[in-house]
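I have a structure I would like to understand better, so I am pasting it below and will then ask my questions one at a time.
Think of it as A, B, C and D in the order they're written, each chain with its own count starting at 1.
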Amino acid sequence: MSSTFDGNLKISIFGQSHSGGIGVVVDGLPAGEKIDMDALAAFLARRAPGQNAWSTPRKEADLPEFLGGLVDDTTCGSPLAALIRNTNARSGDYENLRDVPRPGHADYTAQIKYRGHQDVAGGGHFSGRLTAPLCVAGGICLQILRRRGIEIGAHLSRIGTVADAPFDPVNLTAAALRAPGAKPFPVLDDAAGERMRAEIQSARAELDSVGGEIECAAIGVPAGLGDPMFDGMENRVARIAFAIPAVKGVEFGAGFGVSSMRGSVNNDPYYMDGGRVQTRTNHAGGILGGITSGMPLIFRTAIKPTPSIARVQQSVSLSRKANAELEIRGRHDPCIAPRAVPCVESALAIALTDALLERNEI
Amino acid sequence: MSSTFDGNLKISIFGQSHSGGIGVVVDGLPAGEKIDMDALAAFLARRAPGQNAWSTPRKEADLPEFLGGLVDDTTCGSPLAALIRNTNARSGDYENLRDVPRPGHADYTAQIKYRGHQDVAGGGHFSGRLTAPLCVAGGICLQILRRRGIEIGAHLSRIGTVADAPFDPVNLTAAALRAPGAKPFPVLDDAAGERMRAEIQSARAELDSVGGEIECAAIGVPAGLGDPMFDGMENRVARIAFAIPAVKGVEFGAGFGVSSMRGSVNNDPYYMDGGRVQTRTNHAGGILGGITSGMPLIFRTAIKPTPSIARVQQSVSLSRKANAELEIRGRHDPCIAPRAVPCVESALAIALTDALLERNEI
Amino acid sequence: MSSTFDGNLKISIFGQSHSGGIGVVVDGLPAGEKIDMDALAAFLARRAPGQNAWSTPRKEADLPEFLGGLVDDTTCGSPLAALIRNTNARSGDYENLRDVPRPGHADYTAQIKYRGHQDVAGGGHFSGRLTAPLCVAGGICLQILRRRGIEIGAHLSRIGTVADAPFDPVNLTAAALRAPGAKPFPVLDDAAGERMRAEIQSARAELDSVGGEIECAAIGVPAGLGDPMFDGMENRVARIAFAIPAVKGVEFGAGFGVSSMRGSVNNDPYYMDGGRVQTRTNHAGGILGGITSGMPLIFRTAIKPTPSIARVQQSVSLSRKANAELEIRGRHDPCIAPRAVPCVESALAIALTDALLERNEI
Amino acid sequence: MSSTFDGNLKISIFGQSHSGGIGVVVDGLPAGEKIDMDALAAFLARRAPGQNAWSTPRKEADLPEFLGGLVDDTTCGSPLAALIRNTNARSGDYENLRDVPRPGHADYTAQIKYRGHQDVAGGGHFSGRLTAPLCVAGGICLQILRRRGIEIGAHLSRIGTVADAPFDPVNLTAAALRAPGAKPFPVLDDAAGERMRAEIQSARAELDSVGGEIECAAIGVPAGLGDPMFDGMENRVARIAFAIPAVKGVEFGAGFGVSSMRGSVNNDPYYMDGGRVQTRTNHAGGILGGITSGMPLIFRTAIKPTPSIARVQQSVSLSRKANAELEIRGRHDPCIAPRAVPCVESALAIALTDALLERNEI
């Protein structure tokens, strides 16, 4: 288990922050899908570091080399394999983390699980950098879905104390879904976006970081995808969304809001709209009984604040079995959420492509 | 896919609300585990209907017959198979739902997915009744875990506008975990429980229903369980928790609260406690990088209000392609959350047993 | 793992020879498939014991009760669950086998794996009786496939020293495939069948047993099913065929014969037959690169002689750590192969249904 | 599905014969395993082309670059990823195969499955070259197993009409297992090896190819590995062995020989050997009820003759829907079996490592 998703698509993500490279193998994509490499590069650029004031200044090209699965940029049926080289030299800066784990990171838990053999350099396999191959897989799925009338988009619905306007859960358009991704800062309400950026700068100035929330949605999803119980669309999306390192919560439709709602409000009334069954509200987030209803599929993920902060933090020395202080050097994003937006879109794109590959009609 | 969980444990849940029976096959449990049948019955009774004022008056024994997997109530290594007979006669009351789907239910999505062949009687395979076999599997896992020092408990952390006190996320004891399950109404703060019950009665009086939230935790979990990316403990728990029909959100530790937190607050500082590595706070909910830290594992699930309410609701006639009104007869729980508490405990118990079965040490 | 098949179909087999019952859960069948219960009963009767001179006199009805998955004998999309009750009383005859394992049986290996907790009565979960639920799943798949123009049949290609005529690997008809299953003794050449029966009677008379070989084929299989490498049709069929307890070998097309063949002979030349691509020979058994070619899919399985024989055998006492003699009482089939024929058909039917459920075309 | 093995180990093989590279991701290996890179290179050299008179003269280094999963040549717990570059330029020689499929190859079946989008150059993903990454995974598993006292070896048991001496199925030593792999031509009986080479040369001289058979065995396998039914050791080994392109049959122990045996002969009598349970014969091939017995695990695979032969062959033009002649240029092994020996060892090594990773003892 671990870095392999074994649905109808099989996705295997490999590499560490400072190893020879990182990459992904995607087995099960339909043959004959032309990949628009420029569109893929533009999508990947949305999660790349070093682009602007609110992300880390490290700049990497992060463009994948396709080792297999394509002929003339078109899927040929064999597994798609992509490699992104790591260009950072392996530094000795990280060896201390084997002894003094960073709070909020996987240093300690990896130390226990792998009995000291884990790769600590740059966070190893636990680095946020490993979301780049996830976005390679997701970016390709997005293109495949768009060709079938399914559009996906996401935006920063919250940074710290500032909330963005929500997606319209009922009348959601492709234009509305695409809008935030086309902006340097992916929000719906630019005024809110300004305040979010101020909050991020404030956190940075205080040698601190801040969390956020991402709302993601899809339209054009056919009714009837997903299954009851363990393989409902909620289960599938959540299973992939939690693969993004900083995600601590996933909710669909009204989400945790349902806990204080009455059934008469939460139930989405059906009506006929020119021969199509629609609901007047969409508290279900487009999923009932694990199965899509044809209404927009909507979910939100909670993104924790970057654990790497410049302040001195309390930790322990595992070798000395004693308390220890830790000061993390290097430059880090004061907020991961903006760069996580395409990752969340990727999670949904993978889940939907996987579900579409499943037919019970033989 | 669908009603089969295919981890190290393989769990296959079958049956419909009005079919010959419902049940579960659990493949992969260790041999030699004695099942305490009385404890199992007591656990199952916590989700059974008809026990008190806030649940539906239908009363069923719901005790499983074990068809395989046991010798003298002890697991023998072969798949454990349990059957619970359905004692309700099949009624014709439900046929109308094939045409006029209930808002908030899976009637419409099942109709699309199964092209009209779904079993509509009593909600078919989508009935909350299917959580009984989940609890059979979970109740057995709970016993297996307890034998290894892992204790699990859950309580109603919210009903409507009323919140319960939370579990202590750092100093959580077995006694605290067991306490709510031993009460007729599973809360920590009985005064809050009184107000919750009033809220449920109020909803019932208004021919309505109300949602809730369940907090669940485990202690004694060894550090090092779970994996990075797709098979982190968050992914695993979420995948099973979303199998409970009414769950619309899952969050771990500080959960969605992280979106408005600073890293300096959210990071849980390490300290040495008599040779053991502990954290002073537990915003991570006991999971970092997908791997357990040894701190209490804590998560919350959002439970939507019962969709079956007595009020007239707006729906459509699929055959006539026209709007239609719907009035649901029969008696239904005005709040599912109390009976969902052992289901959530089961989800965590299954996820932890599954993770414990996985060793990389060969 | 173990008794759960986790392909596109999920099949979970449960029960022991003397437990409350045996059965199967099949998750993932298409909805809307009408099951012909009489045809299913006739199919199951072909593997049932006690029907004739060459099988054990124990007679059981072995008709399944469907606990879920059907409405009016038609699949409804939820998991199909079938139960066959065990009517034999639990006897104490088997307790000795926990100490003195039967040669050729799983007694010893189960003792080690389950550390003495295994169910020894009647062979427990290792009993050939567990092929009854496999045949329930297979018999239903056979009906689903036939509706789509795929016909499957099998015959005894060898018993001891006597070989049957082979299927025509190129011009194979539905009539030829159905013929052996319609006979009391499933062979193509009845004269060979007579000699086989004599060989079985001779083994019985000598308090011994004898092995056999089964050839199985399918026609109407569309080209393009299966995948390269781990999920080729050979891999899939073999994985299920080896689930039949006595199978010790599986070969496709020319099978082991290829080892002494030249490429110029083994290569099946293509030709055009009225717009369809055909091959003049079929040494490939209808599979190239793991993918079906549209030619008949043909394979053979080796069935070992019944390990339970009436002669005194050499074994050990595990408790005394000493050699011991063993005399097995009860009546047993002197040859399992005739009753294994529908089991092998079931293996192929399951593999093909599973492969048909997989589409990469979305 | 397809090129991903999803057991306890997850193995994903990627690349085509003429793509940027071929490789493998292995997820789930234990951390802390030192890889002996020289031993791995020596193992891989056994399947590399161009080494001697009986294989194709194309010579490639085929040494893998490890992109992830290692720190100082030691497994670190994250997925092991290896890349082997393809150094052959992409030639236009193969385009004709899209229209006129080679008999005995996957050209036609891939054409159907991938609707003309398959990579035809060099056989694409169906090339025998894809067994190199399988051997990378297998060679590492072999080292991990040897460290735990499990030794694996294989030899050419047959080429054409010439048979090698068999492994001693009962008293098999590590020295005997290692001997054939240390020779340039992997047989037990060198005189038989001479005749085999003559047979291969004869086939080459006749512009033809010849098939073979490989016997593979493991000693030191603990009793108790594997499961009943779908995940028996036979099923697991067969599933991986059939991933080797030319394999058309797999048999265990006495294999197809059981069909003509009596139970009194086939049953392996137990005896006590200084406190250890042993069998006097080993017709079971070390597996009973799907579970290892502790006796040597033995199986054989049938390897078909190389389909690429220099003779003119009969085929069809798919575009013209007419018969066509085909003459394959280039140089090809007249017998693949010698180079397949380490592939078969790899299949067993992967299956055993996978099974060892599974414990039910929690």
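The rule we apply is simple: contacts are C-beta pairs under 8 Å (C-beta built on N, C-alpha and C of every residue); 3 or more make two chains touch, one makes a residue touch a chain.
The structure displayed is predicted, hence computed values, not measured ones.
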## Note on the structure
Of C-D and B-D, the pair with more C-beta contacts is C-D
### Message
Report the chain whose CA-based centre is farthest from the CA-based centre of subunit D.
### Response
B
### Message
Between subunit B and subunit C, what distance separates the C-alpha centroids? Give it in angstrom.
### Response
38
### Task
Take the average of all CA coordinates in subunit B, do the same for subunit D, and state the distance between these two points in whole angstrom.
45
### Query
Quick one: subunit C and subunit D, Cα centre-to-centre, how many Å?
26
### Task
Check each residue of subunit A and list the ones that touch at least two other chains.
1-4, 8, 13, 28, 31, 77-78, 110, 113, 125, 228, 358, 360
### Query
Quick one: in the complex, what on subunit D touches subunit A?
1-4, 6, 8, 10, 12-16, 19-23, 25, 27-28, 31-32, 65-71, 74-81, 83, 110, 113-119, 124-125
### Message
Please output the residues of subunit B touching subunit A within their complex, sorted ascending.
### Response
1-5, 7, 11, 13, 101, 103-106, 108-110, 112-113, 125-126, 130, 158-161, 203, 206, 208-213, 223-224, 227-232, 234-235, 238-240, 242-243, 245, 247-264, 266-272, 275, 277, 279-280, 283-285, 287-294, 300, 302-309, 311, 313-316, 318, 321-323, 337, 358, 360
### Message
Under the definition above, what is the set of subunit C residues touching subunit A in their complex?
### Response
8, 28-31, 77-78, 144, 148, 228, 353, 356-362
